[in-house]
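You will see two complexes here that share subunit A, one where it goes with subunit B and one where it goes with subunit C.
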Partner chain A sequence: MATSITPAREDSPEAGELVATTKGRYNVLTRYDRRVLMLMVGIPLLLDIVFIWWPTLSSILLSFTNYNGVGEVGWNNFIGLKNYQFMFSGYTLFWPAFLHNVIWLAWLAFIATPLGILFAVLLDRDIRGVGFYQSVFFLPVVLSLVIVGFIWELQFSPTEGFINNVLQRTSSTNIIDWLGNPRINLYAILIAATWRHVGYIMVIYLAGLKSVDPTLREAAKVDGANEIQIFFRVVFPVMAPINIVVVVITSIEALRAFDIAFIINQGKNGLELLSILITNNSISEASLVGFGSAIAVILLLISLVPIVIFLSRVMRTR
Partner chain B sequence: MAVLARPGRIRPSRIVLHAFLLSMVAVWIFPLFWAVYNSLRPVSDTIQNGYLSWPTGGLSLINYQTVWTQAELPYYYLNTLVIAVPAVTLTLLLASLVAFACTQFSWRFNLTTLMIFTAGNLLPPQVIIVPLYRIYLSTPLPMLGELDVGKFGFPFFTDNTLLYDQYIGIMLIHIVFQTGFATFVLSNYMKTISKEITESAIVDGAHVLRIWWRIVLPLCRPALAAMATLLFTFIYNDFFWALLLMKTGDKRPITSALNNLQGEFFVNNNLIAAGAMLVAIPPILVYIFLQKQFIAGLTLGSSKG
Partner chain C sequence: MTRSRDPRGEKIVLPGTTIELPLDLDLTRRDVLKIAGYGSLAAFLAACGGGTATTTTSVTAKGGSMSLGSYLSDAVPKKGLQDVVDAFTKANGGTKVKVNTVDHGTYQNQINSYLQGTPEDVFTWFSGHRMRFFADKGLAAPIDDVWNEVKGNFTEGFANSVKGNDGHVYAIPTSYYPWAIFYRKDVFQQHSYNIPTNWDDFKKLAEQMKKDGLTPIAFADKDGWPAMGTFDILNLRMNGYDFHTELCVGKQKWTDSRVANVFKKWSEITPYYSPAFAGLTWQEAAKQLLQKKAGMYLLGLFVSEQFVASGNPDDLAQLDFFPFPDLGTNYDSEKALDAPIDVFMMAKKSPTLSADSGQAKAFLEFMSKGSTQITFWKASPGAIPTAKDADQSQYPALTKKAAQIVSGAKRITQFFDRDSRPDFSGPNSMQGFLLSYLANPKQDTSSLQGKMQSFWDSLPPE
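For the complex of A and B:
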């Protein structure tokens, strides 16, 4: 048996070993081919490790220091958990930002994503104008969040915006400051984010729905189930893999939220988010590298939840 | 619209459905319509009559003209192109190599490799920015001259011996991040290609690079087209990396530049609208002509795997 013939046979117990091996009776891959394959994987992998995973690890290490970006970082910078202590108890922006990310996630999870799924379900049938509806809902998805922010600024801006003009709330006595009032501005930008998120979810869900075996639905219909029952009892369960993807996308989008808040007011005054706190603390004039890293570690820990869910799913299907 | 006109077969549930969808369509289109409408109205007209009014003096492209020339938008499009075209090309190149090596050949760590790439792509960028910013400020690069276009110079490599504040730096971080995504998508696609093709080509004595280039890549053309469309749009739309890793406003790609221009040139909603619409044109062209590829890219990345 040629155990180490390299073109893959997943069933062979010794599949594996790109490295030159002497075990096989005939090695089809030449040494040159093996080297080329190693480079094919090695170069991109090196880039990925140097520019993503090494910084991730460094973030964790830096979070235990008081490094301020000047000079070299060393053992004398080590301050244990002080950054975390200060973040949780002294830093007044952390908990609001954390809460805003939670609200962002809840909004996407309970409003925007279900709406996208609803659109997908409604459009997954033989009605007139499906293509038209789909194109309209999909349009914001191609636009950048910067443009989305600008477009919605034209709706929300206090004196020149559409909404206040329609409500006749533009005079200084009754003006609604949609983007400036910290009690409502988060929801205003969430509406903008929703405009784009819904189409994204719709497209992904629609692709999943198309792959559902139609006989399942037929059978349920014959059994007398109505459309709502068919969706929740038949379609939704078989869509489990897509549902996981949707959950992962939704949570990652919520954790990455940055652009719209930054454009509106650089993430201040009601629009604080973890991502923005990291940026402001470690890049701008203050340059609290160690402290910024500690916030980054919190964001990393939260992000690991959807990432691990996603990867374990990938593992299972392979 | 002839959506409801189907005499004899109108069911009430269908009418409700279409009414709902049409009202949603109105909600979805209106913000864009409003932006276009604002962009077409001269400022004098809106000052006189307010934003909520019919155009008395007619519509005009004057705002577009102002934005285009005063804010020197063409240069910023060029900045984007200088970054996006090499970034998309190299990303697809690297990702297709990894995906090829990991799906056509079995070896011990190919699943681990794919997971490293996929997980890296899923991380929020802000997790890595603190050290990345330092890396960019401390990596020395050689200066190799530059190409001058008007008042803008495009260095071939770097003009300050660093990765920071350089086109190449932005290009690099896009390549690194998007290679993770593209590898994931392309390996999903390549898994569907029978390994026997590769096997028999190897038995016939073809080199792996030749198999990758002549056999596997051509088979992946639909996926590559989808990914190219998607990656270009992603990179075009990126705001964060250039904001973080570029200091010189004039070097920034157009989407990031828009934010700076807002305070400097876009002094009223009409100009903001015109600027936003101009920047939105390339993605809208993608939407019109490459919607299929774009959607294919999105769904390849999520519905399989």
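For the complex of A and C:
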């Protein structure tokens, strides 16, 4: 392959045509290297286009149609912005679902995630049986959200469930309808989601805490800081990279919330979420593919916010 | 309901026959869009395969093979179908039947892409609007030739239920079950309750049951669809069959004052419902009836499954039902009720149908026999055979009575989600609307009705 022995500099026009420098070092790419590189970049790029960009663009395109899943999409399917118009003005479930996603995010951000961090901090020290506690809190993370949904459905069942029976709230006058009352059922399933989310955050945070230089803490202690000050003034700032990961995980979990609500009652009667509206409209027997896609596009736009924030931060630190 | 698009591009029709040859075997822009629409490989493969030419030469054939797609995924009916298939293989010269059983909910959700992809030759489905929908879309094959040979075995009601909008027959009805008010005979005896025949007596009885410490009317709507049963019967009996069916397909408005009346009437019995019903499944409410905690339950005959499952044969023996009480309207005499019919159909796009159509038709013919249906019923007694020549002498009293109440009805509907559009009956549409009504039955329903209508109006042409 090597056809020349001219010394190669990276900025030379021939760079890439050459194999070896006079010293025998390889510092530019050969054609073979380029082919390998093209394959290494090209295959993931192709997969990315086929499995991410193509469906995304198709969804955006379909969101302007009234396609119902039967036959082919034709020009007469295109109905302009009607789906969006209806979603924002006529469709009574869009804003409730949006609000539920926001509540979900707020709950995870202000209750579940801090709880996970708290457990991580508490379990990051030498107490007896620490492995046991960690396992207990981590156990729900191993379960899929579908299973979590099933478990909590049984706990929350009004007459046969564990919770109402323990609380002795099963008679007709004082029964608590955890899953059927649209005012409380969202919070009931948020408890279920928290049960799993706490363990997830705990493990990630615990791993981060292990990597914090112990001398920092000792120095803070010598300076007379108490435990709370040490955590907020020293450990927390040092953990910045992990904190970003936690923030991103929390927002992604809130945006992709789906499984538990769908298992409980297919996401109706107070459990509407954007992801569920997409599924029930486009993938179910209803087959309102166009309308479902329009909701999906909105969810995509919302999802872009945390993704862009995350990526811009990551790129800046690099 | 006109078809807005030709489902499969251009075709050549061979002169003097009904044989159609598809021209568009290559991928078009539309095909590509379609693939994007599904994101499924199955649709892609179907597009590559092109349409299937159907011939109508001889009606049935023996031997060979065929395939059958089934949503009978629960153990009990699944075994019933296997018994039937085994009997068919034996009777039809050893025809091999490949059964593809799919979880009931998944099957229903994916029916659209299933029928457009590579469906089996014969598939299980529902009659009514849901059957006509796929017939209109050209995804079901007409079976007039089979029907001509077996129609003597069905009443006119069944015959009407399997006709498409184009007048062709698309399905063989195989079983059905009525909706009625179920109760336990021993509970009624113990309290010496009488069967109510009119609305006032019905409410008085509910009041009495409340005093006796029972939940008067078991009700559960976590699943979303059970409430439709109550809406159906009230609308049928107050506003008549014609109004109800027209409402279901959008020819009447949801904002109509007659719909408001239904909700008003309904609110007279909601105080007697099971507490926390929006969080209960129908099985849990059935248990309330089974355990003598509740007095009555408006549900389909399948409520008996829970009584079978209790393991005590006396429970099933105590289960009985009475027809919905008269409301004192002009429509009482129609005695209309929900009696959903399950059917077997032929999938037009099945890649093997051209080769297997004789066997598939033989199977449909076999399914229309009383003896076949009894075989299925013995394994799975939750629904009643449709054939006239089914041996009714083996029926227990409850099944006999269920058959009677349906044959006495002048008008039969298929249940809301089978009579209406699927996109209107889903969890985020009608089911959700009814749940928000039930959360506060005393509300002024005009704004809710407005939401229903505007949702209907937003739906694309079917």
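We adopt the following convention: the second predicted complex is superposed on the first by the 264 of 318 C-alpha atoms of A that agree within 3 Å, B and C clash if a C-alpha of one lies under 4 Å from a C-alpha of the other, contacts with A are read in each partner's own complex, and residues count from 1 in each chain.
Definition applied: a contact is a pair of C-beta atoms (placed from the backbone, for glycine too) under 8 Å apart; a residue touches a chain by one contact, two chains touch by 3 or more.
Remember, predicted model here, so these are calculated numbers, not experimental data.
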| item | value |
| --- | --- |
| Touched partner set for A:Pro55, first subunit B, second subunit C, both or neither | both |
| First, second, both or neither for A:Trp178, with subunit B first and subunit C second | second |
| First (subunit B), second (subunit C), both or neither touched by A:Asn265 | second |
| Which of subunit B and subunit C A:Val142 touches, first, second, both or neither | first |
| Which superposed partner A:Phe86 touches (first subunit B, second subunit C, both, neither) | second |
| First (subunit B), second (subunit C), both or neither touched by A:Gly74 | second |
| Touching partner for A:Leu122 - first (subunit B), second (subunit C), both, neither | first |
| Subunit B versus subunit C, judged by how many residues of subunit A each one touches | B |
| Partner chain(s) touched by A:Leu311 [first = subunit B, second = subunit C, both, neither] | first |
| Residues of subunit A that lie at the interface with subunit B and also at the interface with subunit C | 54-55, 58, 62, 69, 157, 160, 283, 289 |
| Subunit A - residues contacting subunit B, complex | 6-10, 15-19, 28-30, 32-33, 36-37, 40-41, 43-45, 47-49, 51-56, 58-59, 62, 69, 119, 122-123, 127-129, 132-133, 135-147, 150-155, 157, 160-162, 165-166, 195, 200, 203-204, 207-208, 211, 241-242, 245, 248-249, 252, 255-256, 258-259, 262-263, 274-275, 278-279, 282-283, 289, 292-293, 296, 299-300, 303, 306-307, 310-311, 313-315, 317-318 |
| Complex contact set, residues of subunit B against subunit A | 1-3, 6, 14, 17-18, 20-21, 24-25, 28-29, 31-32, 34-35, 38, 46, 50-52, 94-95, 97-98, 100-102, 104-108, 111, 113-120, 122-135, 172-173, 175-177, 179-180, 183, 195, 198-199, 202-203, 207-209, 212, 233, 236-240, 243-244, 255-256, 258-259, 262, 268-269, 272-273, 275-276, 279-280, 283-284, 286-287, 291, 294-295, 298-299, 302-303, 305 |
| Residue ranges of subunit A in contact with subunit C within the complex | 54-55, 58, 61-62, 66-74, 76, 79, 86, 90-93, 156-160, 171-173, 175-182, 185, 264-269, 272, 276-277, 280-281, 283-291 |
| Subunit C to subunit A touching residues, read off their complex | 4-8, 28, 30-31, 33-34, 36-39, 108-109, 111-113, 116, 137, 139, 215, 221-224, 275-280, 284, 288, 422-423, 426-429, 431-432, 435-436, 439, 451, 454-455, 457-462 |
